[in-house]
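Going by the order they are written in, the chains are A, B and C; count residues from 1 in each one.
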Amino acid sequence: MRRNDSSGPARPARQRWRWRRAPLGLAVAVLLLIEVYPLLWLFLGSLKTQDEFLNRPTWALPADWLNFDNYVQAWRSGISGDLLNSALAVFPALAVIVVCGAAAGFALEVMVWKGRGGVLLLFLGGIMIPSQMILLPLFSVYFQTHLTGTLWPLILTYVATGLPLTVFMMATYCRAIPRELFEAATIDGASMLRSFWSIGLPVLANAVFTVGLVQFFFLWNDLLIAMTFTSGSGHDELATVQVGLLSFQGRFGTVQYGPTMAAICLNVLITLVLYLFLNQRVMKGMTAGAVKG
Amino acid sequence: MIIKTARKRRQAVLAGLCALGLAVSLSGCGGDSSSDQPTGGQAEFSFLGMPENTTVGSVLSTVAAGPCASTVADYPLKSSSQPQASYDQQLQLLAGQNALPSLIFAANTPSLAIELHDGGYLVDIDQALAEVGAAGAILPAAESVLRSLYGGDLFTLPAEFNIEGIWYNKQILADHGIGLPATWDELTAANQKLADAGVQPFSVAGSGGDGWNVTRLVGNYIFRSLGADALSQVADGKAKLTDPGYVAAAEAVSAWGQAGYFGPAPTAVDYATAMNTFLTGQAAFYYMGSWALASFNDPAQNQIGADNIGFLSFPNVSGGKGSADQVPANAGMPLALSTAGYGDGAKAWLSCLAQNYGTVALRDMGQITGFRVNDPVADLPALTTEVQDIIANAPSSVLWFEALFSAQATTTAQTNGGLLAEGSISGAEFMDAVQADLG
Amino acid sequence: MRQVLGDRKTIAVLLAPALICYSLIMLAPMIWSLGYTFFTGNPIRGFSFAGLANFDTLLHDPKTGQALAFTVKYAVTVTVGQVVLGYLLALLYVFHLKRSSGLVRTLVFFPVVLPTVAVSLLFQKLFAIVPQDGPVNSVLQLFGAESVNWFGSGAKAFLVIALMDIWRSMGFYGVLLYAGLVDIPDDVIESARLDGAGGWRLARAVVLPLSSPVLISALIFSINGTLKVFDSIYALTGGGPGSLTSPLTLHMYRTAFAYGDYGYGATIALTLTICCLLVTVAVFRGSRKDLLA
């Protein structure tokens, strides 16, 4: 990089740019190859039989391109119900996390009060708690309060485990908001609470979607919490997608590769659609944010 | 006791606080609504299964629809499942709330099952069977395995009954002019002959915790060389795994590993791959339990043909105290009834299962259980019949290497099994590590 | 203005929901669990007071030492990999791909979407030696090298784990840091460009300082995530061969639930939490002195 920089101002700018772009283009191509290959591998895998998995090389193409048995089997295992459960648990939790997290981050960074550093550290402490440790007490509490057997334990635990990171990140993003914005609003007679809604949140839109995206994938891919709180008391119908994926594992950890991958492909397809949708919003948020500058 | 009540009180206080908090946070955060009503009435018969084991679940629904339809109709089956990896955790959490489902698997580790029984969470099976008029429903051989595994008590049901031994590929042995080895040394010689001919002698799995089939070889060597009680002496602290006789067993297996009899990379092989290696004719011998019959009898998996597979009892060790007619046996993952869920429904179900489980499992799933088979099942595959005969004729049985060990020692043994098979740790190192966890 | 920003009622309204959720569902159970460090037993047997016995065991337990060493090694390697590669990706998005980075961002982000089960299956197959050589070993053979059993020794298994987790999460850190970088006003960068700063110098003198808050939070987040690693290692190697790749979390989970010693498990968790705390405080020292003041 440095060598390119010092390669003289004499050269026309455009040519210099092309020079720089060539290796970069190659790097991006390699990067994409590394990232896209597994997608392809997954999809090809979802068309293979167990025999092909065990006895043919990993990169071999499926023997029958129209072999959708795995998808049929994956669908029959109740993946649609699992998807609904995941959505019912993750989205409400996500909404709460983002709104409460943004509010708290705002209170901790924009508002001025004694002890806010301590409270921020307290939240930060949450990132350090291994979630295996809170399972036993929470299980007791949920059981005693008769929440076991519903999706509530999942939603509540997701909210609590998602908050520390969200609050911390929101506080970080809030630092970048110019304080003059609020001063102007205050002079116009708006309360801070109003300012948070009408100025803070819109300015934070970009951050909100980024954090929301990050949290979405954490919650969507969670296995430990879902496993602990959804099954075990006669409530298999509460299984989430990740728990459902385990049903393709046989005794001694034998995996039925084809149906597993078919189920993963369906799962990935849905998350990908969601991601593309959210990604659009992030771009919109960015352009909205550009107004502030 | 004082501690227990103090703990209860503290739990109650905390639970109250948290419940209060939950209510506050619910209204505060304003989450969305979710589905579902609280748990149903007492009348149902709940079962906590595992996604990894589908046999028990399907036998339960078969008997509920068929032979027991009238007796258990008032107590509908409600099953849920928990993956094997987190099953023990779930049992502890549920037991802590005294909320175990009526029918459960008796934990991954026997020591946890014994703890559950000692804590009064599990029903005594011999009493319960007598109460429902089904005494004698469990085969004596299965009962003796269960009793020796669980400290002399019977609080489990043998949903499976397996024998273990060495399965061999008849064709490969014939091609290389190898007769059935009767001793460990003859088996070693056969392995060498196959290895020289470029054939992988033994298929084993050793990745992650799959190394248990390697430690089975160590355990059986010990039973053959030091006698059937050799490992219970270790469990009782009367002998140590680091004693020379025990170390010799691990060294014998490690030597096989160093000689490459287990293939190039046992630590990279999982259960499915090891099974597949044998069933596609790429290895001559395979140590496994008779539950593998389900795969052996499945033409999609078995490409060498069921007729081509023979069963070899684990061979003698020259000069040893044990003998090859002491068959390694186990009850798979036994079932247990919880006291919390033991009412009229569970009794009706127990009576039904005692009567029908053996027959249905054998007929529909090809699974040999420790229950008496009350209706003879015709048209069984030849291998299955052969195994049944061996079970019927075995004078006595032995358990397996880790059967009586603590959970720590079990994990250590099974995760190090792969390294032993690879020959990358010595037998002495292996035994040191396991003994250290036995305390 | 000061008065408006210090309004107690507003602060309470903004902060309370998050703080209450978090305290009750995470902090309280954690403190509850930490109480068990002075007890021995489990929910089945009941607990009995053991004083400091668990801490004594901790000091003399070679397995905990081994697991701690592995955890630290893993956390350092993977954190450096994740954050450095993620930062390079973010720079790539912002300064070279600019507005057209959407597709690349999506694709590189993609592995985060994949369930752990899928990723570990993929890497097992990529690095396979039996029954067939996987792609990695095939490439080695192409260059005349011997096939390697990647899961046969602790060092090699560690390499695969680290590669897997870096591959998996660098796109995530790319997006995380990207959100921080796009907030740098364009005119700041333009004026630096006009001053003759380009490439590396621009990055070091302007971009790095301006993005440091986000970088620090990514670093903290990454360290805390990697110190608590559980799923990916459990799925890929199960802690093996032997226990050579067992992190503290796996050791704790086994101790608490498989070995039925919840008290000692809680003690190991406390060790882990303290590690996270120390590292986080150390990272903070250099960056946000206001929090620790």
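In this section, a residue touches a chain if its C-beta (ideal position, glycine included) is under 8 Å from a C-beta of that chain, and two chains touch if they have at least 3 such contacts.
Predicted, not measured: the structure shown is a model, and the values here were computed from it.
Student: What chains do subunit A and subunit B have as common neighbours?
Tutor: In this structure, the chains that contact subunit B and also subunit A are C.
Student: If you take the mean of the Cα atoms for each chain, which one ends up farthest from subunit C?
Tutor: Checked the centroid distances; the maximum from subunit C is B.
Student: Applying the document's contact definition, name the chain pair with more C-beta pairs in contact, A-C or B-C.
Tutor: Pair with more contacting C-beta pairs, A-C versus B-C: A-C.
Student: When the C-alpha atoms of subunit A and subunit B are each averaged to a single point, how far apart are the two points in Å?
Tutor: 38
Student: Suppose each chain is reduced to the average of its Cα coordinates; what separation in Å results between subunit A and subunit C?
Tutor: Here subunit A and subunit C have centroids separated by 15 Å.
Student: Centroid of subunit B to centroid of subunit C, CA atoms only: how many Å?
Tutor: 36
Student: Do you know which subunit B residues sit against two or more other chains?
Tutor: Each of 14, 18, 22, 25, 29, 86, 89, 93, 96, 208, 273, 276 in subunit B touches at least two other chains.
Student: Give me the residues of subunit A that touch two or more other chains.
Tutor: Only 54-55, 96, 100, 136-137, 141, 156, 159, 246, 255 qualify.
Student: Listing for subunit C: what residues touch at least two other chains?
Tutor: 17, 21, 24-25, 28-29, 32, 43, 128, 131, 253, 262
Student: Please give the residue numbers of subunit A that touch subunit B in the complex, ascending.
Tutor: Touching subunit B from subunit A are residues 50-51, 54-55, 88-89, 91-93, 95-96, 100, 135-137, 139-141, 143-152, 155-156, 159, 227-228, 231-236, 238, 243, 246-247, 249-255.
Student: Provide the residue numbers of subunit B that touch subunit A in the complex, in ascending order.
Tutor: The contact residues of subunit B facing subunit A are 11, 14-15, 18-19, 22, 25, 29-32, 34-36, 38-40, 44, 46, 48, 51-53, 78-83, 86, 89-90, 93-94, 96-97, 99, 101, 208, 210, 270-273, 275-276, 280, 291, 300-301.
Student: Quick check: in the complex, which residue numbers of subunit C touch subunit B?
Tutor: 16-17, 20-21, 23-25, 28-29, 32, 35, 39, 42-49, 128-131, 147, 149-153, 234, 237-243, 253-254, 257-260, 262
Student: What part of subunit A is in contact with subunit C in the complex they form?
Tutor: Spelled out, the residues of subunit A in touch with subunit C are 1-2, 4-5, 21, 24, 28, 31-32, 34-36, 38-39, 41-42, 54-59, 96, 100-101, 103-104, 106-108, 110-113, 117, 119-134, 136-138, 141, 156-157, 159-161, 163-165, 167-169, 172-173, 175-176, 182-183, 186, 191-193, 196, 206-207, 210, 213-214, 217, 221, 223-224, 241-242, 245-246, 255, 257, 260-261, 264, 267-268, 271-272, 275-276, 279, 283, 286, 289, 293.
Student: Show which residues of subunit C lie in contact with subunit A when the two form their complex.
Tutor: My answer: residues 1-2, 4-8, 10-11, 13-15, 17-19, 21-22, 24-30, 32-33, 43, 92, 96-97, 102, 104-119, 121-122, 125-126, 128, 131-135, 167, 171-172, 175-176, 179-180, 182-183, 185-187, 198-201, 213-214, 217, 220-221, 224, 227-228, 230-231, 249, 252-253, 256, 262, 266, 269, 272-273, 276-277, 280, 290-293.
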